[in-house]
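The letters A, B, C and D name the chains in turn, as written, and every chain counts its residues from 1.
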Amino acid sequence: MILQDKMIVKAQRQIAQGIFEMRLTGKLVGEITSPGQFVHVRVADSFEPLLRRPISIASICNESNEMTIIYRAEGRGTTMLAKKREGDEVDVLGPLGNGFPVDETAPGETAILIGGGIGVPPLYELSKQLTAKGVKCVHVLGFQSADVAFYEEEFKQLGDTYIATVDGSLGTGGFVTSVMENLDEEFATYYSCGPMPMLNAVQTAYTGKKGFLSFEQRMGCGIGACFACVCQTTDQTDKAYIKVCSDGPVFPAGVVSI
Amino acid sequence: MNRLSIELPGLQLKNPIMPASGCFGFGKEYGNLYDLSQLGAIMIKATTLETRFGNPTPRVAETAAGMLNAIGLQNPGLQGVMEAELPWLEQFDVPIIANVAGTETADYVEVAKTISTAPNVKALELNISCPNVKCGGITFGTDPQQAHDLTAAVKAVSEVPVYVKLSPNVTDIKAIAKAVEEGGADGITMINTLVGMRLDQKTGRPIIANVTGGLSGPAVKPVAIRMVYEVSQVVNIPIIGMGGVSNAEDVIDFLSVGASAVAVGTANFVDPFVCPTIIEELPAKMDALGIEHITDLIGRSHRL
Amino acid sequence: MNRLSIELPGLQLKNPIMPASGCFGFGKEYGNLYDLSQLGAIMIKATTLETRFGNPTPRVAETAAGMLNAIGLQNPGLQGVMEAELPWLEQFDVPIIANVAGTETADYVEVAKTISTAPNVKALELNISCPNVKCGGITFGTDPQQAHDLTAAVKAVSEVPVYVKLSPNVTDIKAIAKAVEEGGADGITMINTLVGMRLDQKTGRPIIANVTGGLSGPAVKPVAIRMVYEVSQVVNIPIIGMGGVSNAEDVIDFLSVGASAVAVGTANFVDPFVCPTIIEELPAKMDALGIEHITDLIGRSHRL
Amino acid sequence: MILQDKMIVKAQRQIAQGIFEMRLTGKLVGEITSPGQFVHVRVADSFEPLLRRPISIASICNESNEMTIIYRAEGRGTTMLAKKREGDEVDVLGPLGNGFPVDETAPGETAILIGGGIGVPPLYELSKQLTAKGVKCVHVLGFQSADVAFYEEEFKQLGDTYIATVDGSLGTGGFVTSVMENLDEEFATYYSCGPMPMLNAVQTAYTGKKGFLSFEQRMGCGIGACFACVCQTTDQTDKAYIKVCSDGPVFPAGVVSI
């Protein structure tokens, strides 16, 4: 069920240049059903900024009723969010959308998780859940440069982790595809989240493979009512437009026209 | 006695609060969050004759205390709405106001004729003010004669009372209001969005794919309040006011300047429970003002 | 080379930033806070033929991300401005744009004729868009023919280039813009305020004594940006853009949609140092966008 | 000189129902020239609320570079201000306006200070300065009721203090004028700050006496540039309107038409 929860900040820290990790607690955590779901965050009580910000759930801990979000403080809203301190309240709507299907990879199989920049966070919870059920996860994470890279260690603890940076300051120089080209691992599925050009490259590289991609779109309501966040399907019929917020954000590869 | 009840042409409202068209889809999503029977009414998303996919994305952009949208009237078309959306809404004890849009008079007439026969559609809202479609829409809303004629044509076929939704993007909104009243409108809803634009700072290009979008939210409330104040003094038909309503105080403001009921748009995105919350808070606010019945608020700015 | 310099009819601007009329008085108060010679220009408070005391109070009310004002053109009158205000401003190396207001054409002409002879007045800003006075003002700004004729009349007597200030409270601002261009305007300034209203929650009465007021501030920026975008495509005279400018990013937005310079109004009240701060921040913002000279930004939204 | 100062909150506490006392430190304090001056406070970095709030300076301590403001958290802006905590930054413009003239009462003379509600705060610094130079201060403070009354003790330490409450829950029942009527003290000057009807009543009661009144008006700029905050003078000539922010807020009795 979707809740509007006044969650409490348990901790907030900067984990890379302009990248923040915020731990939140509240009953909303108990409603999360799959990795890759997101929350819609109101950053202030004010009417400016007005709209909520969609942020992926990066990890959850049901025992402590906590979840983590990781975000880049860039625009007006996220910059304000970055100023929250321990004990502050945050108005969070969620969980929203349909996440990555963990069931699509069987125990013993291998999954490749490809994340780009601020698309990396939801893959962390995904990897935790896949690994827990016995899937072997290989992580390919792309960043602009070393100073904005994060969670390398966390992912390494779950499985092989390859980093690509555009400027070559960490790992392989170039895009995630540079890593993918040299990866001769057999895999059953791939999961990806990141900017549109990256999703496109990944989908093209893995044509014919079973994959799941998580999309971004500017949102109004976040729950499927306003038709703001649509994306076009490859199937140009009745369902020519589907909604990222409530039909997605994760879709099987090939469904969305990119 | 229900202190919040209001009777308007075609509408027995439990309370004066209803979600605004386009901000509530056809109710399903918010219906998952709370019981829609609490609402005074529901203004559903614009219905056109044919299925529309709307504009390319991005379709929304945030502005200071407001937002721009250019959804472009995406909707499943008249048949889809009649067969799937309206029947689903019948489970709730809530009157539906069907927002009718089109490109030319004939479209409007055809949609109005059919949709007004749905059992739960108690009134139509004639959308002559959508700024986000190339033809039709706002062009009917900026010229008094065209607004008059379209109203009359729809009125002639509708089985239920017709409310006309006015555009704020005009020099003299009173003239348009009087024209639609003369055309036979049973009521007015106002305001639709103000045409606005926002750029991407880096590229200098408009964020909204459609270039311009409709401005809504708290930012426009002063303009909406002023226009309702003006129009309510020159027409004798009721007004459903909207534009930036976010809380019970805003509702009281709209009623004070002469609206008989109030629609809530953008605020649903900020707080999905805003409509039931307002309904719950109204009685206490009325007590504080010494107001017995909600209708006592209507037009108090004029009486003072 | 000065990366920020811009040349406009009558005006050699060190930079494209100037305080907007009515938000900076005649400069004295802000002159106590910083050196006015830093500014690109100064648009002084409206000057009318006779001394005006303006409207009763309250004259301002806050709204979401904006404010309403109904000052009512309070000013010491033509003589007072000529004898006291303008000479005081001569100590600064900054061109003055004199905002000219009136009730009928003859007033405008007389003020324009005299004030345009002041040595530091380098341009006039013809205020045909003030919403806060009973006669004159906005009535000239909503009818293309009247706007045209007034422009021509003032143009005939002015010793300096004439900019005409447009009202956003119109159905088609492009028509007014074209009319003033045909009337001989050397430039356009836009936008003036949107007519709005706010109530006192307790009494239900308008807060502003004048009932309605002009809406300004960040809330109106999307409307202003859209209008400058539209107008810059249909006229060949330069535009000084305004409406909600609060920082260097906003300036870049206005230039991008086609303004050649930018005025800052309400933001002065929020941050009295906003103008010099913007001027200081612009070069770094231009670097980030790879822009060599500020003029390279003008109209980039159209070129993309 | 007027400064725009990022002042730091040293302490904030609620001193009566909805009434807050905030202690601020910053270099602005060094610029204050007279009691009754005010500051223009920006309550948040957001554009909503947009405008600054005018608040009187209630007391200053030059040694610690601190000043105190006392305000009622009622509307949107002041409610947000009340949420500030120790260590937070507040954007303050000031000192603004012309305060109460301390020089107008000579050592050994008596001054009556009449305050109403949220008009009471500036009288505190005034009383401190008058008392320090040997003026005998008598305080008449009016409030709605006991629960919104504040600073009774503080004023008592400076001189005789009479309280009036509208509902009679503290001190004399009724308005400040009820107290004034029974005051047969000789006095050289009176100083007053409070709502318009109170100022009117005080001025009428003390016709012919030397008095100084502090006025309120809705403001834009706060520094004299926008003509928002004018009030009418009794002298209907050139100066028919004067500005509360820069000509006032304190005017000699009789100047402003009320």
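As a working rule, a residue touches a chain if its C-beta (ideal position, glycine included) is under 8 Å from a C-beta of that chain, and two chains touch if they have at least 3 such contacts.
Heads up on the chains, UniProt names are A, D = Dihydroorotate dehydrogenase B (NAD(+)), electron transfer subunit; B, C = Dihydroorotate dehydrogenase.
Please read all numbers here as calculations on a predicted model, not as lab measurements.
Among the remaining chains, those touching chain B as well as chain D are A, C.
Contact with both chain A and chain B is made by C, D. Among the pairs C-D and A-C, the greater number of C-beta contacts is found at C-D. Once the centre of each chain is set as its mean CA position, chain C and chain D turn out to be 36 Å apart.
The centroid of the Cα atoms in chain A and the matching centroid in chain D are 54 Å apart. Chain geometry summary: the mean Cα position of chain A and that of chain C are 46 Å apart. Looking at chain B, residues 63-66, 217-219 sit in touch with two or more other chains. For chain D, residues that reach two or more other chains under the stated contact definition are 47-49. Contact topology of the protein chains: fully connected, every pair of chains touching. On the side of chain B, the complex with chain C involves touching residues 63-66, 68, 142, 169-171, 194-199, 201-206, 212, 215, 217-223, 225-226, 229, 244, 249, 252-253, 256-257, 289, 297, 300-301, 304.
The touching residues of chain A, counted against chain B in their complex, run 1-2, 4, 42, 47-52, 77, 93, 217-231, 238, 240-241, 246. Taken in their complex, chain C has these residues touching chain D: 22-25, 28-30, 32-33, 45, 51, 53-54, 57-67, 69, 71, 74, 207, 217-219, 246, 266, 268-273.
On the chain B side of its complex with chain D, the touching residues are 64-65, 218.
Chain A makes touch with chain D in their complex at residues 44-49, 80.
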